[in-house]
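Listed after this line are the structures, all set down as structure tokens.
You will see two complexes here that share chain A, one where it goes with chain B and one where it goes with chain C.
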Partner chain A sequence: MIIPRLALRSLRNRRITALLTVLSITLSVVMLLGVEKIRTGAKTSFLNTIAGTDLIVGARAGDVQLLLYSVFRIGDATANISWQTVEDIRARPEVKWVVPISLGDSHRGFRVMGTSPEYFDHYRYRRNQPLEFSSGQRFDDLFEAVIGHKVARELGYQEGSQIVVAHGAGRVSLGADHGDKPFRVSGILKPTGTPVDRTVYLKMQAIEAIHVGWERGSAPRGTDIRSAQQVRQLDLAPKSATALYVGLKSRMMTFSLQRWVNTYSQEAISAILPGVAFAQLWKILGNVELALLAISAMVVVTALLGMVTSVLGSLNERRREMAILRSVGARPAHIFGLLISEAAALVVTGICLGIIVSFSILYFGRSMIEEQMGLALELKLATALEAKLLLAIFVGGMIASIVPAMRAYQLSLSDGLTIRT
Partner chain B sequence: MNISVKIPVLLAAFSVLAFGPTGLHASERNLDAHEHGVSTLRLAQEDKILQFELEAPGEDIVGFEHAAENDQQKLAVENALSQLQKPEAIFILPDDAECTASDQHAEFETEEDHAGFHVTWTMTCEEPVNATSMEVRFFSIFQRAEEIEVEAIGNAGQAAMEVEKDQTNVDLSQAIGG
Partner chain C sequence: MPNAAAPADATAPADAAAADAAAAAAAAVSIKNLLFRFSNSNQSFALEIGSLTIEKGERVALVGPSGSGKSTLLGLICGVLTPNDGSIWVLGQQLENMSGRQRDRFRADTLGVIFQQLNLLPYLSVLDNVMLALEFSHQRRLSPSQKQEKARYLLECLGLGGAELAAQKASQLSVGQQQRVAAARAFVGTPPLIIADEPTSALDEDRQSEFLDLLFSQQRQTDATLLMVTHNNRLAARFDRVLNLTELCDLNITEGAGA
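What follows is the complex of A and B.
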């Protein structure tokens, strides 16, 4: 037991270098664990963006593209679905519910989505969690809007605020506001960590209403201008939808309805299983995931190299110390063991501190991270993969410390009691 | 936009640019495009009932994609069908899920420009909560096959997995549950 004790004493003697080495290992462990937590957290949040919807139907396109615009409001649909087709799908015996969505407008940089009130019943995220209101309720009147948590927070809106929806999806509306028809915020949704937080919801009919007079593609002029009151008198039944969220009576019918939709001949539409499209999308991301992990692995390697460098650098000044140890009976193997023990102490301390620090950050920062970034991180000490990574760091550190230990071993062999320089 | 959403999506955009739009044509495949070496297994669970549907290109199973033309090819198709009529011995659910197979149906479907095997079957499991993994003997039986794309939906959600030739097990826990 003399060697570990000597190792600790020797480290205490050079405590500044030792502390810095431990610190760099700690930081690299925190980074590795942090990246791993964020990676898995992002993946779970991402995969849990939508649940409870069996199929999403849109204009015929790639699965991932359909998923991106219908769920993430990223990119645009190649075409809309005509209302006749929507009714055909709704009439299918397998179908329990259909929620149409209509995209294409924006409000100060946030996407506006037309939908039916049932959206708030059927949209689920994170394993079947329904949407909840932090204030107010779903829209009822034609000129009412429901807004996501982020929209309310960033724009300072409250229940009852008046908002103006712009035509098109750009941030700048170029004077093309549907300014004559302001909406009243009827409700604000609780944070979900999904694109819901950044969406302004209107009724399907409201989307039709704000486009009355815009049929020619430019702002209505002269007699085309109608007041909100006049618009209410018009037939505002939706003529098309961008995509449909479909719920089925039985999951067993999912594949057969998907096949029916994909071979529907009257209109080029396709149906995706959201979970399957998510998996496809995540597969494309696999490379990037790997890159993230590789970067943090490199940080760990750098920290271990730093440790080897500092131990190697100290060897010369410690040759006298080694010689004294030899004189009191230490064999070269003991010198080797001493240096390995020192490295082990540094690495183990670094890893332990790294675990403690990253767990504390997670424990105390979790709710803030969830609130700020909508990223739900798991409060787990270490997953199997993390345990493997930590073990790899330890083994790596041990292997790396063989280099200075071998050097010390050789020096003590050749030096003996007298140091020849 | 939330980080959770933004990062993956930015990464997706980046990946599509960097790695090309691979793997994005699954919907076409559902229509009639088929890829040699790739079979599709669809699996839907509702409580105790698991329904399976396997579509395998003829090339993967018997080495040709047209109606059997000679005795040798007929024999090959017959042999393959006799194997595929017991799909529960090719895709094996764990013992403790206590499953029994029924309604096995296998046929060799030939169309103008391609032919393939279409197999459907049902498993009734007393303990579906244990049916979260599945042993795959497909590749050791049909050595020409390279990959199975699995789409699974069940009590736990929807999932898609790729099973490569060297894998003997597939994790179904994201989709199948009690």
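What follows is the complex of A and C.
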């Protein structure tokens, strides 16, 4: 085939322009693929933040709000649930397990969460993956804490480190802390890419213990002060919880229990299905990601337009070349084919390089991205959607290059063998 | 009017017309009552030729002042331009009855073309430039090794032997060398009609004659018909016949809008 061969030779002859065109297509492809990878990665990471929990119960509030504070520790609960209610729910026949959580305190900017040891059995993320310890184990003693991967890394904690919990959720403790009752780190969790990484876990009883004497909302004074040793002697059974993670014996029962919770008369509580609430939340966040994808699509369009512009710009100086080809018997269709082949070579090279570059970035940067952003990206050459995007770039490039090719076709028809330069 | 046939023709018996057609088919080029009009916004141009015949194997120099329509005539003979009226026979084919595609194929098969200068694709090697003439033709299509052999042979005949030179980029050659490569490309695959549009005008005096010697020697070897446009009377004198386009045709050029 003479035409593709001529196309390659002619591109090699104009290699600087060709390289720049390929480079701009490559970069736009890398950007499009990158955004798409991060978009889908963020979505799956996000939607898989919590798994295995059938219902989340909290004080009556909007679904999204309840999800935000119970799973993402963003914002606060409007009210707590009394322990009587917790027991009532635990006693329901549909219920297999209940894990209470208690929020409100913090440690140097990381939220502190009280929970029961079963939390580490039942909490699942990313397709039913259980929590694992990178060192140590779950808390056993009252004054032991389990910390997430990020907490340990950012604050430089190891198993056995001493930590002090601050009252309230602020980054700065304003002097109101639980410094008299330090905790020993008993275990550090492996990274999960979920809010778990940024959480300090205490026993439910420990939350009660550090708040002895705080019933009026401020630090205890005088006779109200109890030492850590004295506190151990007290009844520390939890009196309330912020929210409950509930596992059911059968998923079929989800709606009946939800209805029961939502009509519970003793207290204003509501139950949400995590999946449904996540989908609602994603509808809000997902638009941002789509906008990002749209922007990178624009970048691709710009790169292709750049290619068309450079080809169009070179047409005049190539009229002699076309006349020579016509003189040896090339049809105007051959001239058209030559320009289309050149564009195809540029676009295909750009796309292939783009795939290689983005895959390399993914391959070498994956662990760093997971570490830094908590985003678990799939190591895949191209998903079905990405393949469609790449095909769209190719087709778009071909369609765009019809413009200069048509122009060349017309020029070669009107010029004939006369050389105009 | 060019399309109004002469009265003698109108009353001529049918077998005389058939004899005319047979004669036209036997010639290398035969033109009858040709009219070609070209007009755009600021120029209108018309070329009329009553009758022109070039026999096979003839060497013909086409002369005439600039703008007299020499290049247009060559374009018509090459089949890249189509006449508004009249007929053009080239090597037994009636061009105006062929489709554009057929004429392109016909040109690839039977014509060798040399331009004034810069005949070569700068990004191909000398050898590839010569072989380019064989790529678009079915009749001249050969196996790759045959192509190379023919191209190398012609380069050698034209004083451009040697593998090193053949592998060079066309843009690295001198103008004289480039014209000789163009001649090699025109003759490769032995097309029966060679069209040359002022191929010597970019060369100096000595080289012009030398180049014509080369053209003639190739023409003799292949028995091709040679039609060459030139401004140089000394060169034109060496041809079998000199055609002066101004004597041959009625030419109307009007410049300026609204012509």
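General observations
Following the convention adopted for this analysis, the second predicted complex is superposed on the first by the 414 of 421 C-alpha atoms of A that agree within 3 Å, B and C clash if a C-alpha of one lies under 4 Å from a C-alpha of the other, contacts with A are read in each partner's own complex, and residues count from 1 in each chain.
One rule holds for everything that comes next: a residue touches a chain if its C-beta (ideal position, glycine included) is under 8 Å from a C-beta of that chain, and two chains touch if they have at least 3 such contacts.
The shown structure was predicted, so the numbers you read here are calculated from the model rather than taken from an experiment.
Taken together in the superposed arrangement on chain A, chain B and chain C fit without clashing. Contacts of A:Q205 after superposition: neither chain B nor chain C is touched.
Chain centres taken from Cα atoms put the angle at chain A, between chain B and chain C, at 100 degrees to the nearest 10.
After overlaying the two complexes on the shared chain, residue contacts for A:S161 are found with neither chain B nor chain C.
The partner that reaches more residues of chain A, of the two candidates chain B and chain C, is B. Look at A:S327: by the touch rule set out above, it reaches chain C but stays clear of chain B. Touch criterion met: A:R127 reaches chain B, while chain C stays clear of it.
By the touch criterion stated above, A:S270 is placed in contact with chain B alone, chain C being left untouched. In the superposition on chain A, A:R9 contacts chain C only, with no contact to chain B. In the superposed model, A:Q137 lies in contact with neither chain B nor chain C. Touch criterion not met for A:T78: it reaches neither chain B nor chain C.
In the composite built from the two structures, the nearest CA pair linking chain B and chain C is 50 Å apart. The residues of chain C lying in touch with chain A in their complex are 71, 74-75, 78, 80-81, 100-101, 104-105, 107-109, 111, 113, 115-116, 118-124, 128, 132-133, 135-137, 185, 197. The touching residues of chain B, counted against chain A in their complex, run 1-5, 7-9, 11-12, 14-16, 18-19, 21-27, 30-31, 42, 44-46, 49, 51, 53, 151, 153-154, 157-162, 174-175.
Interface residues of chain A, counted against chain B in their complex, comprise 41-43, 45-46, 49, 51, 54, 60-65, 68, 72, 74, 127, 150, 193-195, 197-198, 250-252, 254-255, 258-259, 262-263, 270, 272-276, 278-285, 287-288, 373-376. Across the complex, chain C is touched by residues 2, 6, 9-10, 12-13, 320-321, 323-334, 416-419 of chain A.
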